[in-house]
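Lettered A, B, C, D and E in written order, each chain numbered from 1.
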Amino acid sequence: MNIIDDLILHSPALIVAIPLLGAFLTPLISKINDKMRNIFVIFIVLLTSAIVLLLANDIYAVCGKIHTYVFGGSSPVTQGGFAIRILFEVDGLNIFMALIATILAIVGVIYSWAFMKENTGLDKYYTLYLLMIAGMFGMILTGDMFNFFVFLEITSIASCALIAFWTNKGKAVDAGFKYIVVSATGALFILFAIAILYGQYNALNMAVLASKIEFSFLDNIALVVLVSGLAMKAGIVPMHMWLPDAYGRAPASVTLILVGVTQASLYGALRMIFTVYGDSLSTTLNQIGDINIELNLILGIFIVALALLTIFIGVLMALKENNFKRMIAFAAVAEIGYMILAIGAALTTIFSAAETDIGTGAMALKGGIFHILNDALDVGLLFLVAGAVYYATKETSLNRLGGLARNMKYTTIFFLIGLLAVSGMPPMNGFASKLIIYESTYQVNPILSIIAILCSILLLAVFVKVFHSAFLGPKQPKFDDVKEVPKSMLLAMGIIACIIIFIGLFPDIVVNNIVQPAVNAITDNSNYISNVIGGI
Amino acid sequence: MSKRNFAAVIFFAIVAVFLVFGALMMHPFGEFNEDNYPEMDEYIIDNTQNETGADNGVTAVVFDYRGFDTLGEATVLFTAVAGVIILFRRLKK
Amino acid sequence: MIEIQDFLRTLGTDSGFWNPLVWGVIIIIAFLIAYIIRGMGKTEYKEKTEQTKVFLSGNPELEKEEMHVKASNVYWGFMESFKWLYSGLDKMHTGNVSDYILWFVIILGVLFLILGVI
Amino acid sequence: MIYNIPYIAVVALILIGLYAIIFKRNLIKIVIGITLIESGVNLFLITLAFKQDSIAPIYRGSGSRIMSLPVPHALTLTSIVIGVAVLALMLSLIIHIYKHYKTLDASKIGREKE
Amino acid sequence: MSGMSRIVKTVTNVAFPIVMIYGLYVIAHGHLTPGGGFQGGAVVASGLAMLLVAYGSVWTMGKIKEKQLSVLESIGAFGFIGLAFLGILMVYLYSGLQGNFFNNFLINQDIFPIFNELGRGFGNINTAGVIPLMNFAVGLKVIAGLFAIVLVMAYATRLKGVKQK
């Protein structure tokens, strides 16, 4: 099939360009009528997903294949081995994140149909929604530093405007303002670091930078600024405070995409640390006695400390919280901590000489990356359920909820699935990834896995509290006329629930076919580099 | 001076010191030699007229070499307009 | 590309394994055992008699609103015992934008110190 | 190191912006701080573009062929437009915040109490 | 509001066409002289903002609504991304070469030979292939977008209760 080959050939551009095209056309389409506009938006998202699946099928066919796409030109680099045009470089990690983003986008659009029906300004809502999706795909797929910054800004601005969508609520507007201030500051510092790297090596492409970089003092500063900015965008304690405000006040369908944006920022941090700085991470900084302190050790220990803090504070604040969506947001912070824990444990071990340490690091990375997928699905499902409860009862405080299980049966079942999954109970998917994380971190240091397991138990306690106070209990007279939410919302929640149960029942298929290529893509960046500037 | 401002001043000073050191370690202003020869920009300057046919190198970079960034930039403006309009929309009831 | 026997494979971590199907079999057996034990319970229990009525040590039954335990009362003892921790956490979570950026600057400074001084 | 004065100016701009964000309580001043950081970064990009006795990268009929680097100009253009977009959104959000809270003091708004 | 004094309005009426012409010049000559779509669009939008300040937001909102402006902006953005998509299509249609997204499909391949000459000097607009068209699209988009932002914010913060004229 010729057309299919052309689609696969141009797919990295089309995945970003088709949602942009849809966003540009939505104000024109919505002149016709609303139903047409919704159908158009869903069609655009489905088309993008189909292209993503084609590209994924193409990449997973050959082990270690990287799909490089050059904008405007044909050859990625010139004779000197430097890239002048913007490259998209799609390897296992990119396509893994793209699959997550695809699931979230489809579910979010289906969910929005009924959830946002009563609101005004829906054409602009769908425009911004498509722009968020396009920016997320761009952040995930790009191979150019400045292009990453541009898509980061697109995503930040669109999501800020959508967080403050209900402008009659003061808290929502306030949360939007906090979000835009935080993300603008972080993005500006990221641009500062990019400019430092550009001024030193006169390159903006990630692979070219990775090939050129040697660890001078300025690279040190650039690494620190990049990691801090992306960590703030990813919501790591103590820079997590914008996250409960934004997640808690946004419409649930927007919160779903915000989860994906947070994961995309985490992906950016992974890419910067492991690919761009990958060669210089094992440089010995200093020697105390005969043990030499390497950069990856320092960075890994710092990230592990931040991860423990993230898990602990996230869980404790979630226990205390009484607002439905804010509680789930704090739980999401704790979930992010698990990934960071795995990444830090991998950083400490994976560059060492011993073979067993390398195995442990690879296992930790596998668990962390698998947990990115599971966290996106579980937390997304919980947020959708919270939105459904708000849609049915117009009530967010858990103190005034209760006894909803009698009126909203399916929603209760979905919440139960999400509860079990997010708190790592077998046989859901959260258990599989958390098991890998526990075992790998146990070999790094037993204390880490002990704290992680304890916090996971506390997480279960959190959601037992939510389940008891929102769904169980006697039937409240003021909720007598509460009905089950419309079909499309149930369909959206059902899709995620089915994927969760599938991954939970057959985790080995997912780990072997989807997660392992991403781990391989992280652990050796030589393939990524040599794909652009030829063999080194 | 409250505890918060005290910590703020301390860490602010640390960041300031490191950034100033970094500024002193940059390559001298406007001087390019072999070890930091701007190969990408020199290539663009040399081949702008042949490859894009434009006299203006900046426009050639903006619309041809890094055209996708410009698309993102236009999208950012589009996003801001949509956001401002959606924030000042007329709420029902 | 995915054969049917892949669906039965075990997720092997380097020091353990996890197979949901084995777990499912075990949990079904456990349910059966629990059901049998439940079966040999009291037999003189009758539905729709005095036995099923709520007995609050003689007090009258409250109406539905107060019957439900409020969310802020769940884990009350936990909150009380960790009051010292939660006071600090509440002091940390000021809803102030400047503090958010201040935490960012603090992390920046700490990382600068760690990576610069060493 | 007299040639590094422009970089010092860049750092000074960024630090002034950070100071305005951290120590000021008026939301408008926080926004001004963000724009100061942004102008500092833009100045940094433009500073990287400069080359000794060079002209703008535009071909004339005659003139010297030593041209300043074109890519940082493009990056700065993009960054400026992004800054305009962020500024517009922040100001419209501040208008809404003032409508709701009747104040612009950052320490008086946004404390979550349930 | 009823706008500012008659002096301001008169000066605006005089200065407005000059600003417009200058902005359009900057847009049209973006690939030859300093400037381009964004800069020229900003100039034109500032001229429109001057009109808005002089005549008041209510009068301007009576002339043009922000919905029409957003439609204009969508058209401009669609033109831009459509030109980028044509980079894929046209090269397939007219030559065996494999063209990519954002390919400058008018230069260096004989589709429209009139666009196919290299830029020398200021006079000839018909150079640089697709870049002038992209300049116009981006210019339209920036004019509509910036003016929409200014108009909406001005109209939202207008003084209520003042006698409208």
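Throughout what follows, a contact is a pair of C-beta atoms (placed from the backbone, for glycine too) under 8 Å apart; a residue touches a chain by one contact, two chains touch by 3 or more.
These numbers were taken from a predicted model, which means no experiment stands behind them.
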In contact with chain B as well as chain E, sorted by label, we have A, D
The chain whose C-alpha centroid lies farthest from that of chain C is chain E
Note: of the two pairs D-E and A-E, more contacts are counted for A-E
Rounded to the nearest Å, the gap between Cα centres of chain A and chain C is 23
Dist(centroid_CA(chain C), centroid_CA(chain D)) in Å evaluates to 46
Rounded to the nearest Å, the gap between Cα centres of chain B and chain D is 9
Note: chain E residues in touch with at least two other chains are 33-34, 36, 38, 70, 74, 77, 81, 84, 101-102, 104, 119-121, 146, 149, 152-153, 156
Among chain A residues, those touching two or more other chains are 17, 20, 24, 71-72, 146, 150, 153, 157, 160-161, 164, 167, 174, 177-178, 181, 185, 199, 217, 221, 245, 322, 397, 399
Touching at least 2 other chains, the residues of chain D are 14, 18, 21-23, 27, 30, 56, 58-59, 71, 75, 77-78, 81-82, 84-86, 88-89, 92-93, 96, 109-110, 112
In contact, pair by pair, are chains A-B, A-C, A-D, A-E, B-C, B-D, B-E, C-D, D-E
In the complex, the residues of chain C that touch chain B are 99, 102, 105-106, 108-110, 112-113, 116
Given the complex, residues on chain B that touch chain E span 49-56, 58-60, 62-64, 67-68, 70-71, 73-75, 77-78, 80-82, 84-85, 88
As the complex stands, chain C meets chain D at residues 93-98, 101-102, 105
The answer for chain A against chain D in the complex is residues 146, 150, 153, 156-157, 160-161, 164, 167, 170-171, 173-178, 180-181, 184-185, 188-189, 191-192, 195, 198-199, 204, 244-245, 321-323, 326, 397, 399
Per the touch rule above, chain C residues touching chain A in the complex are 2, 6-7, 9-16, 18, 20-21, 23-24, 64-65, 67-72, 74-75, 78-79, 82, 85-86, 89, 92-93, 95, 97, 99-101, 103-104, 106-108, 110-112, 114-116, 118
